[in-house]
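So that you can tell them apart, the chains are marked A, B, C, D and E in the order they are listed, and the count of residues begins at 1 in each.
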Amino acid sequence: MEDGQELLELNDISTSFKIDGQYYDAISHINLTVKRDGILAIVGESGCGKSTLATTIMGLHDTDTTRISGQALFDGQDLLKLDDKSMNDIRGAKIGMIFQDPLSALNPLKRIADQISEGLDYHTTMTSDEKHARVMELLSQVGIVNPERTARQFPHELSGGMRQRVIIAIAIACKPDIIIADEPTTALDVTIQAQILDVLRGIQAENHAGIILITHDLGVVAETADEVAVMYAGEVVERGTTEQVFNNPQHPYTRSLLRSVPQGNQDVTHDDLYVIEGSVPSIERMPQTGDRFAPRIPWIPAEAHEENPSMHEVAPGHQVRCTCYQQFYFKSLEETNK
Amino acid sequence: MSLVEIKDLKVHYPIRSGFLNRVTDKVKAVDGINLNIEAGETYGLVGESGSGKSTTGKSVVGLEKITSGSIKYKGVDITNVSARRNVNYNQSVQMIFQDSLSSLNPRKRVLDIIAEPLRNFQHLSTEEEKIRVLQLLEIVGLSPESLYKYPHQFSGGQRQRIGIARAVATNPELIIADEPVSALDLSVQAQVLNFMKKIQREFGISYLFISHDLGVVRHMCQNIAIMNKGRLVEVGTREDIYDNPLHIYTKRLLAAIPEVDVSKRQERQQQRKQIEKMYNEQADQYYDEEGLAYPLVQVSPTHFVALPKEQIIDQLK
Amino acid sequence: MWKTILRRILIMIPEIILLSILVFLLAKAMPGDPFTGSINPRSSATQIEHLKQLNGLYDPWYQQYWNWVVHLFHGDLGQSYQYHEPVTNLIGDRAINTLWLSAFTMILTYVIALPLGLYAGKHDGKLPDTVIRIYTYVTYCIPFFVILVIGLWIFGYVLNWFPTTGSVSPTATGMWMIGSRFLHVLLPGLLGALFGTVNVVQYMRSEVIDAKNSDYVRTARSKGVPQKAIYKHHIFRNSLLPIAAFGGYSITGLLNGSIFTETIFSYPGMGMLFIDSISYRDYTVITALVLLFGILNLLGTLLSDIILSVVDPRIRVN
Amino acid sequence: MVMNTKSTEMSPEELATLTEQAKQEAAPSATKILWQEIKADRPALISLIIVVAAILFVMITPLFINTSKMMSTDILAYLTPPLHDHFLLGADANGRSIAMQLIVGSRNSIGIAIGLTIISSTIGIAWGLISGYFGGYVDWGMQRVYDFMMMLPMTMMIIVLVTIIDNYNSVTLTLIFSLFYWMGTSRLIRSRTLSETKKDYVAASITSGTKPLKIIFREIMPNISSLIIVDTTLSFAENIGVETGLSYLGFGLPPQTPSLGTLIANANDPNNITQYWWTWLPAAIEIIILCLAISYIGQVVSRAANASQRRAGK
Amino acid sequence: DSGNDVAAAETKRAKLSDTYKNNAKTDNKANNKSTLKVAEPNDSPFKGITEPILADNQEDSNVFSPGGSGNLFNIDKNYKIIDGGLANQKLDRDNNTVTITIRDNAKWSDGKPVTARDVEYAYEIIAHPKSTSSQYSSDFERIAGMKDFHDGKADTISGFTYPDGEDGKKVVIQYNALSPSMKYSGNSFIWGTVAPYHLYKGVPIDKLAGSDQVRKNPVFVGPYKLDKVVEGESTSWSPNKYYWGKQPKIKHVTINVVSSNSIDKAIQTSKYDFTSPAGVMRGTSYKNLKKLKNYKIVGQPDLGYNYFGFNVGEYDTDKKVNVMDPKSKMRNKNLRQAMMYAVNEDAINDKFGNGVKWRAKTLIPPIFGKYADKSAKGFPYNPKKAEKLLDDAGYKKDGKWRTQPNGKKLVIHFGAMQGSSTSHATYQDYLQRWRKIGLNVKMATGKEMEMNSFYDTLQKPKQNKIDIFSAAWSVSSEPTPSQLYGADAPFNMGHFVTRKNTQLINDMNNDKAWNDSYRTEKFKEWQKYMNDQAAYVATDNSYRWGPVNKRVKGFDIGAANNEFWSNLSLTSSKIK
């Protein structure tokens, strides 16, 4: 197993949803790669299309109301072209997914053991004893102290952190090559968040999987990810290694986001945080041409934005959409108060 | 005299069952806490989920029946309803809620939402009332067109500001802000936090700022109390808590906060592992037999920590 | 679990006592008494007076009630004035008929309604769903007894497929008796089921839709579980749960319906007995039946709650 | 305080223009949404027209019908078939016009249904709201009453009550029914109130100093109004049939009082079903049409309610 | 006094015979293999009491009738007791004794002989202080020792003696006086059935009705024995090999309760051979069934009638006797007659009677061919006469309504029971016609009354809610009216008492009445008197009728056919 090998290649993926009879893009032209042993973080505000991307890869959309284009190359096949049956062979087995809300993501009526081993039923030929052993193994792997007992319990008998661990166990049950974690820690306390992230890292080290970590917490990204893709309004606006993006952010959106994180060093009474004006447009109102972020930085001249911006490489592996970054600056206080 | 003095506050929820609806058990949501909130300051209350933060906040505004203890407002005990009425307490203490959508009645228009406390506490004519609401909208930076809109027509940040407008409508002296930004995106969070600071500067409002996000609390509060299982484990100024945490629980909380600084990544992970190890080994020294925190002990003029005396000496070393 | 059930039963006791007093008083408040109607020249008026006295009909109500309660504790619900038979025997015979009819109707209802609800939920918004919903609405809107009368007329008399009266053929013996009993409840049961499915179908449908859109189904799909298995192991199972509980609650509806069904099909069950007893002022039977129906309602609810707590682990714990 | 002194001066004109502007931006009210939803759905519109027209028709026309004359028997007209003599829909065994009885009967039955719906829904809503909002002992006590009512075998109790009350009419009957028909609503409302009460806007109202009853009826109730409307519409549809069943068993309205139930009860004789179908069929068809129309409206209402919720979610 | 222009013609009355003369050949195979299916039209289940003393309803008697109903005596067409039955009776007017002799070969269906004690035990069941039977009346107290037994003062009835011992075949009953009515079946002095003492002896009499002996394993003295009873629904029968009389030909009989709503359809679809001979069939059914090709309608006038009663007094509970109230609103004979002339029974029966119901003319139903006054005219529709009667009596019109002779307002309350839609129409028609002659008649309580409330009101010793009521009697096969219209009869709910009435009723059974023609004379006199007084007026008589399938042979419901069941046979194995 070679480190950094490309596992999944997303080429020009767009997904649109049918709303009142019309299709609107929730994500457009996404190009990303997931590498073995790497953690790719996807960040962005709520409604940027992070979850949509994840569910698109997993093929979890209702085909009647969703239109998907592009390519998701995995193992030589395009996931987006596979029929449901072949996709079922990949889901759970080759790609595992972790969901945000740990309570509702588990079937309230099934024992933990059954929920974990369900994936094994369809992807392996293990005997029930082997499955049991595997469940125990998985539970200890995700850091559950008393696996025998937990296996017999029902979801509601577990704490939020435990449930999230179980969900991770489900996702990794068949040793998938790729794990997609959609906001795995958002509903959890910080201490538990730290533990869960540790577990994820541990898993990755053991399984040599590639992880897509979806989150809007920049701190989590900074501490966990190898690579980062910043999404805004359905597009990737900047991508690169974590160091590149955090230490040398280019896109106005990335820079604004980082600027609005509360830091400990500000004066309690006087220092204000940076505020990004406006809000993420809903998919029906999404501008179809031009830089989608432009409306939120009105003080940057319109000419600074490309008409149909594409990704520009600013450093090896570090790409930014639109050249407007070259002219971006933060408004001074006087300007703000005008 | 502090604006609000909380003494030995206990809120126990009875668990009722059986035919006669008897109390068969209780949840000690808040179990004896002491806090003083000074006028014009922001007091941070931090802790894990379920530690009793909201319950404390709700008891202070009078939404929760307290089991024992006292809450004094400007020296007057306001634990019963009539006392509260005498000092116009309900008018002077308001609350901002975590979920901006659920805290605004979806069937009411902005005008009616913001005017609700005005209608109850001040008797204005319709004109005056409208003018007042428009003023409040201006204060929170919303356009006058919002007057007849419904909450769902606003973004999260805007909604939270409507909530704030309602809270400040009656010129309160204290606002309990229960996780006002937890549900918000970074950019919106910044907006709301800035705004809260702004009205504090302008009107000298005090906040009891409840949060589990230590980053936000550090940004907002001069004084911080750390809560754990219904008790306070550590109280102090921002510096006391962040630079010199004494209780293992505080340390653990602090260590768990992910930071945006990529370069310190390894270092922080190391540190976290170390504290986690310490926590696993020494946790019982920090808690009594029931697994609850000890009473607070003063270690500096501003710094209190819940530890038995002997331990503190060790700690300070 | 047992403690909970026991406690629930204890809660029921005051309710039952209250009901018994209420129903006792109401029965007595009806104009006339069991002997009012039995006037014919072959029975003598003085003897009727004598019988009234003998039966304590002139005692004050609390004394009558007390006597009744005392007897109740000896398992004696009194004698039916109309049947001159212990009420326990009388109701015993009828209860079997009613229960058999109700159970059969219930089973048929579920057999019809569950697949319909599942199918409608699975294809919600599509044509089959619309058709099923129209069906349920139409059946919901037609008065139940009209259906029974028309059904009886068409299938019982015109087509002559089913027996039209009674609970069993007088000539049937042995194995045939079971067959005959079955044949007698087939038509009313079928009609009751076909036109009583609306609640179950709607409930099942919305449960399936909820389950279909739930996060745990998404989790299951992400595990690579095939669609069929998801329906089988997750959606159907989870939707069935509240439906199972519905069964107990629906006892009330079935018992209410039995009054109509039995009257129309001359099926001698408790519902028909009740209607008879009302016009006869057969106090003892009226009281006993209302009380019994009340208790059955309670037990239905209890049963539902027990089913729920057995099948739903979330409730099982507390 | 500071804020008051800072108050910006505002002229009445300025206020008026601002108000005007705001009104233009204002969102449509729930009623408007509902109306639009119904307008957009042709069958629903037709249903609504049918129901409203039917109600108006049967409420107004009977004023011009001499009921006692209409209900007087004419044994010569015994079971006249439809379109004979002056009988549009024929006559019943008493030689009374079915058409006229249908009109007056609809008034009585729909009147009972409306009365029953109003009374039972009012009780149910108030019961559910109060029980759900206050919780604790209030709720506990009210739930015991609810449990008790649920235990009562409804049809039996109604029959017994009807038998006891010697001189009953549609009003008494409505009241008796109402006693037994509020529980479903109250249960529904209570459970929604419970979840609604937990929402922060209630807490916000309390901290704003609003009194409990005002919170219940002015804050919470509007929020469950869509549920109330849907429930009320559906119970109205159901209640139209309530009286008919008992009339069939002979415990509904007295025979001189025409009602859909007494008309349909003609079907209790199999001879009438085929030979004298006009005695019962029109009433049955009327019930089915009304009930379907109302249920359809109910569906649209609930869809509209959901739609506004969906919009609210964005 | 006809001569009026509007008087309606006599009701058209169907011509029904009480026998079905079927000339087809009996099919022995059918008799052996096929089942005779009898329908008992009734809206409620039967009660399952095989013992006729305890059963107070017609259903039970109908569904258990193949068992012979315990009948002791054979009768002729006038219901007169004749020899040749299970027992013979002999009246000894000199000694005031009745001797009942059981035939030697009489056996119960379990093979046990019928004994003298079985005859006596019936009286014990009737008269026992705790008996649930409603049959006891003061008439039985003419038997020596009966009152003491009924009051619980004696363990046995001293009036009974057994010349050959209790297990013998002879009983002598000592009366303090005999009555001419004793010659007829259904009289109120001699009980007409036997009770199986050997079977009942262990069961307390108050528990008898609910006992297995009565309900599950009963014995019979008739042609059939009970094979199975499905509670409330059906009975099935096979020949009783111990039967003393003619062995029945049909080997299997079932009787099923069928609701009166369904009975037409059941017959139309050939589900039954015939309906219970004593079962109640409606007029509307007749209309539906009379044209059937495969059924023949058989019928005879019913033992019963509908009547109007006027409330003219009250019941004195102390003296236990009815008294007339001279101030009563309905006291005026002219008023009562006028009301009777005002209603058009003929028209109503024409419309609703379908030929099986017709206007009655006297209070004795026509089935009693001997006693019924065939010359009586009754009250044919004659509104003119009605108005004249009222005018004559001083009921003057004051505006729309007539007032009482004393000038007071007159509002008359009409009480009637809820019934079918036709009875409803009938009542409405009455009201309308009374109003036409200026009488302000209203429904008592505003609407038709539920049966219980109706009788509850009427049976109050004194009531003023109902002034005129419509009700019905079914009568015994011995027509002496003392129980209904006698001065001390509680069922005399209009409280009509006159010396003449009492005299006439007493005369029907005085010493001279042993002479049949004297008795007949008195009956006719009484009928005339009652029609003149119009305090009780019979409104209609009807047929007791039923459809008989054409495969049935020997069907005869005439009173004299004492072997009804044994005479039946089948001519084919399928119902036609």
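A few notes on this one:
Keep in mind that, in the parts below, contacts are C-beta pairs under 8 Å (C-beta built on N, C-alpha and C of every residue); 3 or more make two chains touch, one makes a residue touch a chain.
Remember, predicted model here, so these are calculated numbers, not experimental data.
The minimum number of touch steps separating chain A from chain E is 2. Central chain assignment: C. Criterion: smallest distance from chain C-alpha mean to the mean of all protein C-alpha atoms.
A count of contacting C-beta pairs for A-C and for C-D identifies C-D as the more extensively joined pair. Rounded to a whole number, the gap between the C-alpha centres of chain C and chain E is 39 angstrom. Centre-to-centre separation between chain B and chain E, using Cα means, comes to 90 Å. Centre-to-centre spacing of chain B and chain D amounts to 46 Å, using the average Cα coordinate of each chain.
Averaged C-alpha coordinates give centres for chain D and chain E that are 51 Å from one another.
For chain D, residues touching at least two other chains, in rising order: 163, 166, 268, 270, 314. Counting partner chains per residue, chain C has residues 11, 30-31, 152-153, 157 touching two or more of them. Within the complex formed with chain D, the residues of chain E that make contact are 261-262, 264-265, 284, 288, 347-348, 351-352, 418, 421-422, 424-426, 428-429, 432, 445-448, 450, 453. The touching residues of chain C, when paired with chain D in their complex, are 11, 15, 18-19, 23, 26-27, 29-31, 137-138, 140-146, 149-150, 152-153, 157, 252, 255-256, 259-260, 263-264, 274-275, 278, 286, 289-290, 293-295, 297-298, 301. On chain A, the positions that touch chain B within their shared complex are 45-46, 160, 189-191, 193-194, 197, 216-220, 222-224, 242-243, 246-247, 256-258, 260-264, 266, 268-270, 272-276, 279. Listing the residues of chain D that touch chain E in their complex gives 72-73, 75-76, 78, 92-95, 163, 166-167, 250, 254-256, 266, 268-271.
Per the touch definition, chain B reaches chain D in the complex via residues 21, 58, 61-63, 90-91, 93-95, 97-99, 101-109, 116-117, 120-121, 127, 130-132, 134-135, 138-139, 144-153, 163, 166, 168, 171, 202-204.
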